[in-house]
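There are two complexes below, and they share subunit A, which is joined by subunit B in the first and by subunit C in the second.
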Partner chain A sequence: MNTGIQKRKKIDTTLKVLLALFVFTVPLWVTSPTTLQILIFLFLYAYLTTTWNLVGGFAGVLPLGHSAYVGIGAYASTVLFISYGVSPWIGMWVGGLIAAIVGIIIGIPTLKLRGAYFALSTMAFGEGVRVLVENTMQLGPFNINGPRGICVPLIPGNNIAAFQFLSKVPYYYIILIMLCVVLFITWYISRIRPGYYLAAGGEEPEAAQSLGVNVAKYKVWAMGLSCFLTALGGTFLAQLALYFYPKQILGLDFSFELAFIALIGGRGTIAGPVVGALILRPVSELTRIYLSAVLPGLHLVIFGLVLILVMLYQPKGLVGPLEKLYNWFLDKVSGTEKEVRT
Partner chain B sequence: MDIIIQALINGLLTGSYYGLAALGLTIIFGVIKVINFAHGSLLMVGMFAAYWMVRLTGWHPYAALIVVVPLLFLFGYALQGILIKPILEGQRDVREPTEVIIVTTGVWYILDNLALMIFGAEYRVVQTSITGQIFMLGDYIFPKAQLYGLITTAVTAGLVLWFLKYTKTGMSIRAASLDRDAASLMGINQYRVYNIAFGIGAMIAGIVGCVLIPFYYVFPTVGVIFDVKCFIIVVLGGLGSIPGALAGGVIVGLIESTFSQYMTSTWTELIVYVVFLAVLFIRPAGLFGEKRDW
Partner chain C sequence: MALLEINNVSKHFGGLKAVDQVSMSIEKGQIYGLIGPNGAGKSTLFNCVAGTYGPTLGTMIYSGKDITRWKPWDICKLGIARTFQVVKPFQTKTVLYNTMVGAFIRTPNRSEAEDRSMDVLKSFHLADKAHTLAKNLTIADRKRLEVARAMATEPEMLLLDECMAGLRPNEVDQTLDEIRQIRDRGITIFMIEHIMRAIMSVSDRITVIQFGRKIMDGTPQEVAKDERVIKAYLGESYAAA
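After this line comes the complex of A and B, so read on.
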């Protein structure tokens, strides 16, 4: 009996180590830049949805304007680079700080409101930021170029200080490490006291408050942290694409996509956003590549259907059934029974 | 001065159909406590239905109401009954299940992109008997199509208020919106009431579709423009409040028309967002909202 459990643990660890090895060695044997680019975007979405999940999942509210913070990160680091030659590596922290301050200012009044009000006000805020940027050519000393967007000036060759590389491999490792860091932060928060307060406040705000938890305070902190980390992702996106414009990086569609990836994967769980990105990104990429020429819009019809089906049959997200499947597999291989494991 | 008064008139006329569009949304929220993210798409469906009616039969756009209104009512009734009811049943103790927001967004994506696949992305206009006609009152211009829109808004709002106040179904809707458990104990079939409320909301979106046809473009993503506007209007007026939706619509219409006299019209959009956020900071319940709803 005991040997079964030990064996199970061993297989579990081995599989996880193999997965980590696999993910970290991908660029050694994948040479196609296109494949790498798809993987980089997949990790970027996983990163952004994980940061969204800090407030959208654990705090139990539904922010629908997170593209605003991606945009703040991208614009901050890029205008600093253009105007003063500040390295994006420094600019990204400036963007993060601005995003955190903005997020806290927006969060203080709105996080006290009920779900629907919060969702609508974050959405209106995100759209407001987009309209503001689209109508502004010059913001103080910075040229933000209105609706046409900004190009990040090209620096020839690989330039670590300028956050620009010819090959996709450095981008791959940067975003992979960023993803690991936010996953670690999420894991860490979920097992310290403020994390428990946050989860309690997200699920039963009245009950948590009656036990003396200052729910609003923890939600505001979560919002600040989430916005900060989201903006760092924005800088990465800017350096990867080297061109961005308000409708794309500050658009409603982008905000919605981030929220829905997390919700389909499983909000409030650590692996949920990654699972969501892993499933939805390839679906939307492939349908867009192969079907949009035949039937424009079909990929979004499929996306909509997936959303509805998941919400009707797995409202807690896909991470639950996948975890069950994985456990079933482990039990099968190691020969342990459910009763023994408990 | 003349220009200002004309701008106020235009704002009132525009605001009235904004208010009508928001009315459907606020009724649904008031009863079921869910935000229908597919509201703009229902409006788009209504517009396309009205467009094809006028295009194929050459009828007056308001005659299309005979077909569009029952069609959209049934559509909304079925949408609530098939997709939203299972979620509400599964989450009885949750007051505002976010799953509904996601499901209705799924409906939004599906409807908008089906329209794109079937009708293509082009902007369509239809020449109706009232398109481009104006009515003069002194020196001031009232486009006829929009004036009819204002009257339609007033009539629709009046009918809805009468229906909610004096009919038996209306009373059960109000009872369910006050306290769903108590209403169920009184023998009201909660989910039937929800279906009807959703049907009425969708029906009003259909009415807006007919109102818009004579002077507005029809295209698959037309709903998105109204979606965001309606969200702002209902929160401004107070979620669930019928007078709030109408007042919010007029406020947004007036902001757009008067400020566009002094600045480029893209900036007026920003002013709407700023006013919206300011209201949220100062009075989160909105102008006519009740405290229990936020």
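After this line comes the complex of A and C, so read on.
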């Protein structure tokens, strides 16, 4: 029996190492920039959903205004670059800090609300930010150009300091590493006291409070961290696209898509956002490529359908059944039984 | 000096006086019962002690500290743990996870919290179900988990809100044993219970409240004999006996 378990562990580790190798070597044999771009967006959405998940999953509320923090990151690093020549690598931390502070300020009153009320208040906030930006040409010393959006000034050639590259490969690795880091952060948090407190407070706030958890405090911290990391993703998006405008980067669609990905993949799980992005991003890319002329926004309709089906049959997301399938496969090849493992 | 002094505590909801100038004092090591008809204000009083509600009037002194407006988590840190009448387990989590949330209050270390939780689960005969999801437990086990989780916070005082409601007679006996064991470890118990047989046999002292007001307090024998209590609460069958 013991040999079976060892074998199982070996296969498990081998598969995971192979997966990591596969993901990290993709640019060596995928040369099409379009494919790489699709993968980069997949990872970016997985990244943003993972940071969303810190609040939306673990803290048990449903934020629907996270595009605001993506926007804060993108705008902050870009206007600093334009006005003062600050490298986006530094600007992204400034954006992150601003987003964290805004997130905490918004979170303190709103995180006390339950269910739909929190979702609505974050939605209102997200839309408020968009309208504000669309109607503002000049914010203090910075020109944010209202509804027309901002172009990141081009620096010729590959320029690491300016976060600009001619090829997609550096972007691919940057976002892949960012994704790995946030996945690690989520995994780590889920194993320490704040993670336990967040999950407990998200599920049964009264019970958690009576067990010594200051639920509101942990939720606010999670919100701050989530917004901070989300804004870093915003800077990445700005540097990747080199042009962005309020309706795109601050839109409700964007916030909704993050929530869709999390709900379909598995809210409050570590792998859920990645699974969700793997399923939904291709849908959104393919409809955009082939049907955007005839049916723009069709991907949101499809998302809605997928979401309804998932909520009906797998209300905790698709990560659960996939995990079961994977375990079943491992048991099958290594000849172990479920009972032996646990 | 009493461990917990409740002085003239009132809790009003708008015009309703759910708790009206109730006083009592609980000695260390006691099992203190709180009884009264449905809607008498027992759970509201509990919620005041546990910090869920701030009382409208009155004070509560615990070990010489005025805890009247303390928050629930601070009260728990101080050493008062509580259970809920309608149990509130973290349903999607395992039994062990549930108790670990409690154990984390005394240690930030994960493996230490896990060890302490396992010890608690063992003493509540839940160790073999440590990895079961809380939602898959039977009612009796959920009630037991509710107490185990509170005990994982290593309290000095335990507030039990009808922890035996809905249990079968043999399960009630088992719970009574567990309550006595908790008391024997030096933990003071303040409990609400509707099952007369249970509360009469286990309590050192009982307070009776009705319509938010205290009718009397005394030993179980005194309470059972008291005219007012019999009329208000226990009914004619007890009056005859």
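Observations, loosely collected:
What we mean here is this: the second predicted complex is superposed on the first by the 332 of 342 C-alpha atoms of A that agree within 3 Å, B and C clash if a C-alpha of one lies under 4 Å from a C-alpha of the other, contacts with A are read in each partner's own complex, and residues count from 1 in each chain.
By our rule, a residue touches a chain if its C-beta (ideal position, glycine included) is under 8 Å from a C-beta of that chain, and two chains touch if they have at least 3 such contacts.
Not measured: the values here are computed from a predicted model.
Contact with subunit B, but none with subunit C, is seen for A:Phe256 once the two complexes are overlaid on the shared chain. In the superposition on chain A, A:Val133 makes contact with neither subunit B nor subunit C. Once chain A of one complex is fitted onto chain A of the other, the partner contacts of A:Arg114 are limited to subunit B, with no touch recorded for subunit C. Ranking subunit B and subunit C by residues of subunit A touched puts B first.
When the shared chain is aligned, no partner comes close enough to touch A:Leu237: not subunit B, not subunit C.
After overlaying the two complexes on the shared chain, residue contacts for A:Val301 are found with subunit B alone; subunit C is out of touch. Shared-chain residue A:Ala124: touches subunit B; no touch with subunit C. Here subunit A touches subunit C in the complex through residues 191-193, 196-197, 199-200, 203-204, 206-214, 316, 342, going by the rule given at the top. The touching residues of subunit B, when paired with subunit A in their complex, are 29, 33-35, 83, 86-87, 90-91, 95-96, 98-99, 101-103, 105-110, 112-114, 116-117, 121, 220, 224, 228, 231-232, 235, 239, 264, 266-267, 269-270, 273-274, 276-277, 280-281, 284, 293-294.
Within the complex formed with subunit A, the subunit C residues making contact are 50, 52, 71-73, 76-77, 81-82, 84, 88-93, 97, 100-102, 104-105, 108, 110, 113, 131, 149-150, 152-153.
On subunit A, the positions that touch subunit B within their shared complex are 62, 109-110, 112-117, 119-121, 123-125, 127-128, 131-132, 134-135, 252, 256, 260, 263, 295-298, 300-301, 303-308, 311-312, 315.
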